[in-house]
Each structure stands twice: as C-alpha cells, then as structure tokens.
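Presented below is the structure to which this report refers.
As written, the chain order gives the labels A, B, C, D, E and F, with residue 1 at the start of each chain.
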Amino acid sequence: MKLIVAFIQPHKLEDVKKALFKAEIHKMSVTSSLGCGQQKGFTETYRGIISEVNLLKKTRLDIAVNENFVEPTIKAIIEGARTGNIGDGKIFVTDLHEVIRIRTGERGKEAIG
Amino acid sequence: MKLIVAFIQPHKLEDVKKALFKAEIHKMSVTSSLGCGQQKGFTETYRGIISEVNLLKKTRLDIAVNENFVEPTIKAIIEGARTGNIGDGKIFVTDLHEVIRIRTGERGKEAIG
Amino acid sequence: MKLIVAFIQPHKLEDVKKALFKAEIHKMSVTSSLGCGQQKGFTETYRGIISEVNLLKKTRLDIAVNENFVEPTIKAIIEGARTGNIGDGKIFVTDLHEVIRIRTGERGKEAIG
Amino acid sequence: MEKFLSLIRRSWKIGLLILFTATGFLHAEETVEAAAATAPSHLPVDFIWLLVTGFLVFLMQAGFAMVETGLTRAKNAGNILMKNLMDFCIGSIAYFIVGYGLMYGASKAGLFGTDNFFLNKANPGSVDGLWEYASWLFQVVFAATAATIVSGAMAERTKFTAYLIYSFIISLIIYPVSGHWIWGGGWLSKLGMIDFAGSTVVHSVGGWAALVGAIILGPRSGKYNAQGKPRAIPGHNIPLAALGVFLLWFGWFGFNPGSTLKFSNVIGHIAVTTNLAAAAGALMAMFTVWIIYRKPDVSMTLNGALAGLVAITAPCSVVSPVSSLIIGGAAGILVVLSVEFIDKVLKIDDPVGAISVHAVNGAFGTLCVGLFAESRFAEAAGFSPVSGVLFGGGWHQFGVQLTGVVSVAAWVLVTVSIMFLIIKHTVGLRVSREEELKGLDIDEHGMEAYPGFQIIN
Amino acid sequence: MEKFLSLIRRSWKIGLLILFTATGFLHAEETVEAAAATAPSHLPVDFIWLLVTGFLVFLMQAGFAMVETGLTRAKNAGNILMKNLMDFCIGSIAYFIVGYGLMYGASKAGLFGTDNFFLNKANPGSVDGLWEYASWLFQVVFAATAATIVSGAMAERTKFTAYLIYSFIISLIIYPVSGHWIWGGGWLSKLGMIDFAGSTVVHSVGGWAALVGAIILGPRSGKYNAQGKPRAIPGHNIPLAALGVFLLWFGWFGFNPGSTLKFSNVIGHIAVTTNLAAAAGALMAMFTVWIIYRKPDVSMTLNGALAGLVAITAPCSVVSPVSSLIIGGAAGILVVLSVEFIDKVLKIDDPVGAISVHAVNGAFGTLCVGLFAESRFAEAAGFSPVSGVLFGGGWHQFGVQLTGVVSVAAWVLVTVSIMFLIIKHTVGLRVSREEELKGLDIDEHGMEAYPGFQIIN
Amino acid sequence: MEKFLSLIRRSWKIGLLILFTATGFLHAEETVEAAAATAPSHLPVDFIWLLVTGFLVFLMQAGFAMVETGLTRAKNAGNILMKNLMDFCIGSIAYFIVGYGLMYGASKAGLFGTDNFFLNKANPGSVDGLWEYASWLFQVVFAATAATIVSGAMAERTKFTAYLIYSFIISLIIYPVSGHWIWGGGWLSKLGMIDFAGSTVVHSVGGWAALVGAIILGPRSGKYNAQGKPRAIPGHNIPLAALGVFLLWFGWFGFNPGSTLKFSNVIGHIAVTTNLAAAAGALMAMFTVWIIYRKPDVSMTLNGALAGLVAITAPCSVVSPVSSLIIGGAAGILVVLSVEFIDKVLKIDDPVGAISVHAVNGAFGTLCVGLFAESRFAEAAGFSPVSGVLFGGGWHQFGVQLTGVVSVAAWVLVTVSIMFLIIKHTVGLRVSREEELKGLDIDEHGMEAYPGFQIIN
C-alpha cells in the first residue's frame, strides 16, 4: 500500500476531486497548507509595500491506496491539477505499512477503501 | 520506528487523547483536516439548497512511536474513537526512518518519546 | 529520497526558513498544527480558571529531499529552531518512494527540487 | 386694568422669550413683526430628527457590507468590502454633483429635476438654505442604499472597475430619476402613489438593478452543476452576516421613521410597524425553511428579517401594527419562496438573496399600501386619507401603487441593462474564471482578507 | 393705545405661530381655546429622546449577540446567533400581544396590568395615542434585553425549540408581571422602590432566569472533570466579544438616560454616572483578575464593564459621579468573585458570565440605591428626595430596595423553574451529548458558522 | 371689546402653556416674571444634540478597536482590544478627576484651567449645573479619541502596563492642556485659531504622541530586513478593519456636527462637508495607491477615508462642500504619500498608519482653515467672519493656524517624549523579542483571540 501526498493549487481541488472520482478513488483527506516551491511567490502590495509572498496557499491531499491504484491516482491528480504553469504542484508517494479501519478493526488492503 | 497517522471524528479527540494517555502515549501532533471516506457526507441545507457535503471535518493525529508502541497506540486510538458507525476513521502506519529531537540533537528511539 | 517532517515553534519559522534557504533548500510545505510533547503545556487562565493547555501551537514543515540533502536539511532546521528549551520540536524522516512534478510529469530526483 | 395690562405685558414677554430661545437665530433687536415674518420653516427638532435618522441610515452601509461579506467566501471578502465602501464614496459625489438636483430640483414635466446641482441652492445665510444641507445628507444615504444592494447579487465575480462605473451611474442618473417621479414631485407622486420610505424608490430600484446584473453576469462558476442543479456555496462568516442584519435593522429605525423628513408625532407609530414587520419576517422565514427543509436555516432567517423591513418600508406610516405583522410575515414567506424560485427555476445566482429581499419584497411592500392602508394612519402621516382594498378603500390606490411598481421596474430594467451591456462590451463586467477561482482579493487587490488563517476554499 | 393694541396683536400672532410650528399637529382653523385644551402632553423633544434612546437600546441586541457568540465555541456560533435574533423577534410579538398590557395596563391590585393588549390604546388620532406607540417601542427593547440575557448562560447545549418557547413565555408573562410591580404602578412602586433603568426589572429578571436555566440544564460536557474541577472552555472569537461590549456600552447610553421616558435636563448626569461606572467596573475587574491570576484576563475585563453598567442601571439618576465610580468599581470586583464562586463552588456552568453580570450585579445595583442615593439627585430626577444609608437617609430605602430584589427574585426563580421543568419534560431542554460534541450548528441548523476555516474543536 | 379681551386671554394662555411645556422645569406656580428671569441657557434640543452626538463619538472607540485589531496580527488581537478598552476606562477617570478642569476650568494665563476638578461645578440644582454633566460626557469621548490613536501606532510590541500609564497621563494632563489653549479659552483661542471639531486638539495630539511612541519603541521585529527594506506585515482581519472604518465614519457624524456644542442650524452643513471629505479621501487614496502600485489596496483606502475625516474636522463648519471635496481628496493623496514616507524613508513602524492619518492630516486639516475658510460659513457657525487665503482673506488666519499646529506639536512632542522615556527606563516600554514573536496575547494575557482556528503566524 502507498500513501500519496499531493500539494496542488487550491482552486484546482474541485477538478482534482472530479478526476479522482472518475478514477474511482473516493477516499482522501484534505488540508490547507502553505507552500514554497518553484513558483517563487507573487508580489503582493500591502499598504504600499511590495512584498514577496513566498509561502503560497496550497491544498494538501493525503490518499492511501493499494499498489494497483497508485498510478491511476497519480494520473488523476495530474489530470485535474495540471495547467502547465509553475505552481501546479507535486505528488509524493511513501510506503504505507499498515491501514486500520477504526470502525471494524479491519486491516490492510481491505481497510484502505 | 513508525509514524501513525489517524483521521478521527473531531468530537472524539478528547476521548482518544484520554485513551492514549492511559496507554502512556503522550506525544502527538494534531491538525484539523477534511475527509472523504466511506461516510458519504451529510446533506446540508444552506438557503434552501440541499447539498451533499462530502468533505467532512476530521481531526488528524500524527504519532511517532517505537515498534513496541505501535499496537498499543492503535488500540488506544480505536478505543477512543470507535462508535461502530461509518465515519469513525482510519489509521495509517508508515515506517519512520529517523527521529531527531531539535533541542538536544538526540536521534532515534531516544528522541521519539 | 526522504520526506522530512518537522514540528517547530511557530515563532521560529522565519529563522528556520532563513537557515534552510542558506542551505539552498527552497522547497517546503508549511502547516499549522497543535502539538503535545515534552513541553507539557502552559497554564492559561481564562476567566479565572487555570487550565493546562497541553495542545500547543506548532508549525509543521514537510520537506522532500534527495538523500544527500537529508543531513543539511536537518542541520538547517536545528540551526533555525533550537533554543535549548523544551518545546523546540522534533524532526521525523520517512522514506519517499516517488516524487512527481505535476506540471511536467517528471519523476524522482529531478522532480524533487 | 392694571392687572390686565400686566397680564398682557407678561404674555408678550413670554412669547418673545420662547421665540427667541426656541429658534435661536433671531436677534432680540429685530421687531416682533419681522420675527414673525421670518419664522423658521424648519425647527431645531426637525434638523435633529432628520440628521440623527440620516446618520442611522448611513450605518446601514456597514450593515450591508457585513451581510454581503459574511454570506460570500473568504477569498472575496476584501473585494466585497471595497465595493461597499466605494459605492458610498462614489455615490456621494455623484449625488452631490447631479443626482440630488435631478431628484429634487424643479421638475421638468414630472420626469426629472433641473436645478440645485452641486447643492447650489443650499447656503449658510438662511434656515431654508441650511436645511438644504441637512436634506441632502438624509437623501444621499438613501441613494447609497439603493446603490449598495447590487453588490450582493453580483458578488464574487464582478470586475472592480466595472462596479465603480456602475456605482457612479446609478447614483448619478438612474436612482434620481425614478426617485423624482415618486418623491421629487414627479408624475407618480401626482398620481397619488405612496411609497413612504422607499420600498420602491430605494429597494426595488436596487433590487431590479441587482436582477439585471446577476443575469448578465451569469452564475458563479460551480454554482450549477452540469445538470443545472444548484450547489450551495456557503457564506464564510455567519456571525458577521448576523451583525450586519442587526446593524441594518438598527439603521432602518432611521430609514422609516426618519422619512417623515421633519419631526412628526407619528414617528413612534412608524418605529412600531417597522419593528413588528421585521420580527414577523424573520419568524415566518424561519418557520418556512424549517418546514420545507427540516432545519431553521440561519442565513435565510436573516434574509427574512430584511424582507420584512423592505416590505414595511412603503406602508410603514399608513398601516396598523397588526397589518405590519401580516405584511412582515408574508414577506418572510415570500423571500424564502422567491430565493427558491430564482435559484432553482430561474437559475439566477444571487449569493446573498438581494433580488428576493429588495426587488420582490420592495414591490410587494409597495402594493401592500394599496391593500392595508388605513385612512386614519394616512392622515396622521400627512397623506390624503386613503384606504387600501382590505379597509374599504377599493382598488384605486392599489392600481396607483401597481403603476408605480411597474413603471419604476421598467425604467430600471431598461436603463440598467443598457448600462451593464455597455460596460460588458467595453471594460468588461466579469473577472476571468481563473481569477474567480483564486478569489478576487488576490488578483484585484493583491491581498487576503484573513492572512494567517488556514482556510480551504 | 394704538401701540398697545398692536402689541397685543403681535403677541397673539407669535403665540399662535409658535404653537403651530412647535406642535405641528394643530390645525390653524381650530379655535385657540380648543388648541389650549388639547395641548400636547408629549413634546417633540420627548418623542425624539424616547425613540432615539430606544433605538440605541435595540442595538444592544447586536451587542449581546456578539458577546455571546464570541465567548462560546465556533461550532455553536450559528445557533447562538439564531437564539439572539429569535428572542427579539418572538419577544416583540409576545410583548405586543400581551406583555405590554400586562406591564403597563390598568393595574389589578398592584399585581399586573389588565388592558392595552395589542396596543389597543394607541391610535393615530391624538398625541397621547401616538405617544403610546413610541412608548411601546421603548419598552419592547427593554423586554428583549431581559429575554436575551438567558441565552448566554444556557449557551452551547440548549435545544433550539426549547429556547423559542422560553423566549415567548418570558416576554409574554414573566418579565411583564414583575415589571408591572416596579414600573407599571404596581405594589413595589407604591412602596417607593427605585429602579431607575432596570437593574432589577430587566437585568436581574434575565439573570435569575439564566441561573435557573443553567442549573436545570447542567454544565456543558467537558466543563467539569471527574473530580469536579472546572475546565476552561475558551470563547472562539474575542474581537467579536469586545465589539459586543462596546455596542452594549453604547446602547446603555440609551438604556439609562432614555429611562427618563421623556426629555429631562438630568439626562447628562445619567450619562456621566453610566459611563464612569462602566469604566470603573472594567478597571477593577481587570485589577482583580490580575492580582488573583497574574494576568489581566480580557473576557473577565469585558464582563467587568458590563457589571458596572448593570450595577449603575438602578441608581444612575440618584447618585453622584463619585458614587458611580464606587458602585461600578465594586461591581467589577464582585463580578470576578461571583464568576469564581458560581464556577468553582456552585459548579454552575455559565459560559459567558451572565448570572454574575446580570443577576448578582443587578441585585447589587438595586441595593446601591439604598446606600448611595442623594436627595438632590433624586429630586432632580423626579423622585421623592430619598437618601441612601451613606447619605444620612437611614435604612428605610434600603429595606424597600431589598424587598424589591427579593420578591422579584422569588417570582422569577419560581415561575422560570416551573417553565423550564415543563419544557424539559415535554419538548426537552437539552440537546443530546452527541449533538453537543459535534456542535449545535450542524444538527440544529445544518450549517457551519465559518465554513472553509480550519478549526480544531 | 369682549372679543378683544378674549383674544388676549387666549394669547396669554397659549404663551404660558408653551413656556410650560417647552421648558419643562418651570413650575406653574412661579410668576411669569420670575420665569422669564430664569430662562434656561440650555434648551432641551441642546441637551439632546450634545448627548446624542456624544454617544456617537463614544462608538468611535469600537471603531478604533476594530480598525487596529483588524490591521494587526491575530496573535496580538486580545492585547490591542484591551488597550483600546482600557484607554477609554482609565481616560474617563483621569479626565473626570483632573483633565476636564485643566481643559475647561477658569484659565490661568491662557495656559490651563484651574477649577472644576471632579466635575465639582456640576450640580443637579440648575440647568447650568446639569448642563455641566452633559458637557463633560461630550468632552470625555473626545479626550478618549486622542488617547486611543496611539495604540495603533504602538501596536504589537508595547507592554501593557506601560500603555496603562501612558493612557492615564495623556488624558490627565497632556491632552487637556493643549485642549485648553484652543477650546478652553486659552491663548490660541484668543489668537483666533479655529479648530472646529479638533483636527489639532484631538487628532494631531494623538498623532504626535503616536509618532513619539513609535520612534522610541522602534519597529516590530521583522518589519525591516537587514538592508532596512520594509516588509509587509498584513493585518489579520480586513472585514473587522472595514467595519471599524464604517463605525468611525458614523461616529464622526457625532464628532463634527456635535461640536456645535448645542443645537445650531449649521449641523446639516457640517454633516455634508464631513461626508464629502471622507468620500473624497477614500476615493483619492484608492486611486493614488492604484496608480503607484497597480492595485487598489483595501487597507490604504480605509486609511484614506479616515484621512479625509481627520482633515475636515477642523474646517468642517467654515468651508463649502466643494472645498470639503478638495480637502478630503488632498488628504487621501497625502495619507498614501505619508505612509510611504514614514515607512520607507523615516523607517518608523506604524502598523495601522495612525501617524499619517491623525498627525499629518490633523495638521493639514487645521491649515486648510486658513486656506479654504469662507466668511459666510464662519459667520453662520458662530465664528468671526474669517476667510482663508483662497477666498481673499489673506495669510493672517493661515498664520494663526500654523502657530497653533506648531505649538501643539511642540507641546505634545516634548511632553510625550519625556513621558515615554521615563516609562521606558522604569517599567519598560517594550515587550521582549521572545514575547513579541509569540504574540502579546499569550504572555501578557494568557489567552488567544481565536482559539480553535488554525492560524500560521
């Protein structure tokens, strides 16, 4: 099993969710986050000060999937989030050792979906 | 070492904390999150529109533990969070490669607690 | 590749960012979090009730790096965040299986920076 | 006889004394005769009443700003606040330059006013001249109310520059002209239309403009799904919206009772009908949503209070308290049904319910004059003793009211459509989809309303 | 003689002129004799003063709503706002139907009023008839203040329907009856009790009801741990709470000075004592918490200002500014100790401190009349020239005040207990533990107050 | 003759009647002669006007609190609210004890007042004695305005205790003395300086004190980088800040028109100039930032409205509406340039722009009297018929105004510097860097303003 963590543009969340649903991935967790990446931040003027905002609002997705869903998930995220512009975001994949469904105590592949 | 990430119902946080403390797990990090799981969301009416809210408020726990604490931690979380209803949440376990205590620079099993 | 997750004091974020930039680590994600650690919390009085606040505000950093950057990153975080007091925080390192840049679809070591 | 003469002397002295103290501006040396001749047409209590109530109406700007901000998303909060502030600022200037003259200047064929631009009839040399200033102040806050209504219906997707232009034009021309018809001695006032505090003059004008704006703009992206089903886009700060409603209700105690335009003993009666209608509106809206959707929706209940207030605005001085409960209650039901209808059937996206509150209930309230007016109240309020249909007055007054509602609606719908279409095809009316998704604050103002707060969406 | 006659003519003209302009409603054709006969008992300045101050008191609804919302948790914000709005709406209607008549109608044995239901003595045909409307408006905002106090103490766990029923009954019967005793010409007023603006009539009534409610409901889950030690449950939005206190303070300038019920030269004095007591209350509350807990707690300081205001409400017109500083300061200390006592000893959970602010300090303020009253102020304010214990007046007035405090407390405690117990055993008073943990907004209203914001708890 | 006599009788009756009802305090038994002798110097409309406008000015405290809270960071919100509340509370008491007497007591060489401490000239026995209370109330809210300005400029780093001491001293001595010079019959008023509602007396005093405070404190940590380039530290709650500006604008309708100090027919004119200047200020500030930085910055536009209001405060009663547009517009431009200059050239850290708004535009507005005054307005407002440079009056008045601006600036800069330096070297003026980074709420008050909300920074 893998845990997929993606940082995307906040306003792309809807599109990504749609793409994931189409790919039959229905489970995920969403958090808001600030990110610093290749998109070097934009200049904001606040009270006449042009300031480089380098922590940009991003939306973080955590999606746990079985191996065979890893690529479809990545594909769906890319499909929903890509615009071709800097700031589109990144996807990180880590190994997932175990999953437990609290309600039933089920573990592993069964529990993930 | 393992990193345990759990998504639980926000109003169960107190109970889970209590259960963890009883199991002598005192260290954790808590974030609020939105989740999409088997609990398909509830219908909210806002200004007469019945809308399916499918990103539900969840609380995320990150707990880093040594191997021998993995099962007690899982047990405690389940004990505190389980109601038997859909939405009770999930627990994810990943491998933890290294832990460093910033204050002392200690590493590994020593640093985790 | 590794994913480094650090919990630091919120007011140390600027210093940590500076230290990371100096070490040429420019990419990261930042979230606010509540933490329970060795710093046992402080007592707050609210309306005459002395209450033990044991979930303290912390800032969470997620930094994905290539292996050769792991130690510099850890060093930079420590440099920026350490005061020698309880509450300075912790760093967790997990293995990163894969990284994908959404914009280009690049993967792996190339994509991480 | 000595006693008699002394009596006279005393009475003379008292008269002079009172005149002197009460009016303040008369010099003791002036002969009594002269004093009588220049007796002030506007008393201190008139000035105080008009200004204090005008100040309360000003505070409605804060109320609208809070309601609209609270009922839209955080990412557009700075933008909607700026629009609310700016329509008042630009409107003030437009109304000073031209609007007030167009509304209250010497009437040209009952269609529009033709003088008193730049307040040039006002002057510090006479009570009447000074009154003119007070009068303008009271009128400008009404003009601004009409203007600001639109921002809510067009929220979260309108270009800032487009909104500035709109604000200027509505306060400069559109509002003043129809205002002239009813309040400025124009043709509708001659027909006998009664719109005491402006259900039509102010609220419907704003409401119809909001309708046109919302239609031409189209819905916010994401508001309707592929099948045309509406999605809820919840407001981000309900406490702010509720505060706004309280401020509006408070301001309405200036809006309605102040519309006597000078002190009158009927102000208490007007405050009562205003209050009861608002209470009934909120209550009935709550019960209506509760029955239909099983939950007492907060934002709709807030709308209900406003609907009651808008509906009672025209008839507040000519109906009984019991009638005001009925009018307000009906308005509360109406606003829920209207929001439903506009959202689900017409598929017009009005984020804060401005069209239902101001256009629909403005029209409804204006017609209520024709239904619920009672001659005893009308007379006390200084109108001719008309009665509505339900109080034996027949359908005449109703017909007059209907004429007013329809003609003002026509005027606004046509002129505002032209205005928005011109704006659309020149500077552009709507921000890009990209900008809309990011939020207007970032691109239009380079800022966030709540930096530091973690917000999703 | 010619000069003499002309003098007379002039004086006659002036007299008529002033009468005409000043009263407004007299028709020139009426004979002067008749005019004199129907001379208005209520002057324009009386109307203006009563209504403007009444409007300010209305704004206290916004103040209470903000304080209560700010001092409770985000997950219950929509619910508490609705309760605040609804108690005013329902209260307005209940007070219109029955409450006002019960309070101010012709007295039955000094116990309750018996006529003027549905405001049926009000009419647009005379100044007195019109005054009745203004008077109702002023009184209804006071009734609503009493009603709204309870929502704070019962916050975060009371069923919405139960609260609606409570609101109706308190404004319909409970508040009006004890109000009649003191303000409506009832038995306490005949005893000579002085409660100028309602420390007892309004605040204690609300406060005692809050006490009963909080006891019957029981504490919020999580408020006390297994050992019975209280836990802090911090309010979620302190800026909103602070705004609420400023709005309340502002509204109190209507509450106290407006309670002259018509224009009077003492209004400035009342505003001064009101302001000084509030300032002293905030200051002393701050120092008290600071000394006890080492930190100047913000929410307690806010409570201190309100405590000072509540305490000065009864004696505001009969005490000197220096006394008002003492009363307010004592109230500030008292509120801190009372919150402590109620929270830690009695273990009654009052999320916003309503019992301490309104019941305890309402009683304290009422007794202060018996301690600090000075005849010169009492006389100027239209009372008989009573003096308090500290100014040589002996214990008589204090005894009267105490009688009032105790009997009103008894009345409210008994009736409200009955009411809440009936509600508890019929529709139910408290939401389920599950619902409480999730927050009342979700289950009772299907909404969130701040969607999009990431909130823990 | 019979008819004649009856006429006289009637006129006598009417006269008496009116006298009786209009003044209220005269007893019918008093002889008419005596009545005339004790004719009230202060009429009911004077009391009502002074108090109602004073209440509005009080609400400016809420406005300042919201603006300052909104424009600073969440971690300091509780602290700034407490400071705003406390400067009013402490200021009220200081002004009661000494300040008012120092400002308006019998003048000592035109430098300061020497009696009426503890309001001891006020008494309930006469209209004049009662007027004294009303007058104090109106003055104390002005004093508090001057005091509260400072908190914004010194926000996010000033020790709470230091701020309490400062509040006490400014309201006790510093504000009253220069106030005496201009408003209390002191030497500047004798020179003929016109500062109608206090651009200098109130705003500049606050503004200069803010300047000194901000300099002595030094910038917030992180405000300037190593190279001295300023960083933006955005305010955390823009809707709150906008609400604050609306409340301030509303309060200013008390501030300026109320400064007639009694009823006057010019109040409408003053309200108009006040409103137009604010509108022009916001508009021009918006366009100025827009041109310079390509974005219509919200917080700067809000500052623009306030700048317009501050600038029109001195000249509001002596200039035409068109002049008020020019003054306000210029103030709007000036505030942007001044914020720039102070921030980037002087490198003084003023989180909310208080120095630019109050000191710079206070001075500018005061000078505008010398430029834009017109004799016809000055006369109507009760001044000698002065004209400004632009209206043919020559440079005399400008010179007088300049003298006033400079001497008040000197007084404040010197005394406040001494005060802050003493505080700095005794109790300490600034919190530790650690505390500043954590936020003042935690260490100074042991609380958070928004517990539960996830906030970064």
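As a convention for this text, a contact is a pair of C-beta atoms (placed from the backbone, for glycine too) under 8 Å apart; a residue touches a chain by one contact, two chains touch by 3 or more.
Since we're looking at a predicted model, the values are computed, not measured.
Visitor: Which chains lie in contact with each of chain C and chain F?
Guide: Intersection of chain C and chain F contact lists gives A, E.
Visitor: Indicate the whole-number Å distance between the mean C-alpha point of chain B and the mean C-alpha point of chain F.
Guide: The separation of the two C-alpha centroids amounts to 53 Å.
Visitor: Averaging over Cα atoms per chain, report the distance between chain D and chain E in Å.
Guide: Computed from C-alpha means, the inter-chain centre distance equals 30 Å.
Visitor: Note the residues in chain C that touch 2 or more other chains, in rising order.
Guide: Expected reply: 30-34, 44-46, 55, 94-95.
Visitor: Can you list the chain F residues in contact with two or more other chains?
Guide: Counting only residues that touch two or more other chains, chain F contributes 8, 11, 15, 18, 22, 40, 45, 48, 52, 234, 237, 243, 293-295, 297, 299, 446-447, 450, 453-457.
Visitor: Chain pairs that touch, all of them, please.
Guide: Contact pairs between chains: A-B, A-C, A-D, A-F, B-C, B-D, B-E, C-E, C-F, D-E, D-F, E-F.
Visitor: Name, in rising order, each residue of chain D that touches chain A in their complex.
Guide: Checking each residue of chain D against chain A gives 222, 434, 437-439, 442, 446-447, 454-457.
Visitor: Using the touch definition up top, name the residues of chain E that touch chain D in the complex.
Guide: 4, 7-8, 10-11, 13-15, 17-18, 21-22, 24-25, 40, 42, 44-45, 47-48, 50-52, 54-55, 58-59, 61-62, 65-66, 69, 77-78, 81-82, 84-86, 88-90, 92-93, 96, 118-119, 122-125, 127, 130-137, 140, 160, 237, 240, 243, 444-454
Visitor: Can you tell me which positions in chain D touch chain E when the two form their complex?
Guide: Touch residues, chain D against chain E: 5, 8, 11-12, 15-16, 18-19, 22, 32-33, 35-36, 39-40, 43, 45, 48-49, 52, 56, 73-74, 234-239, 242-243, 245-247, 249-250, 253-254, 257, 263-269, 271-272, 275-276, 278-280, 282-283, 286, 293-299, 301-302, 305, 321-322, 325, 376-377, 379-381, 453-457.
Visitor: Over in the complex, which chain C residues touch chain A? Could you list them?
Guide: Residues in contact with chain A: 3, 17, 26-31, 62, 64, 94-103, 105, 111.
Visitor: Chain A touches which residues of chain F in the complex?
Guide: Against chain A, chain F makes touches at 230-232, 234, 289, 292-295, 297, 299-300, 303, 336, 339-340, 343-344, 353, 456.
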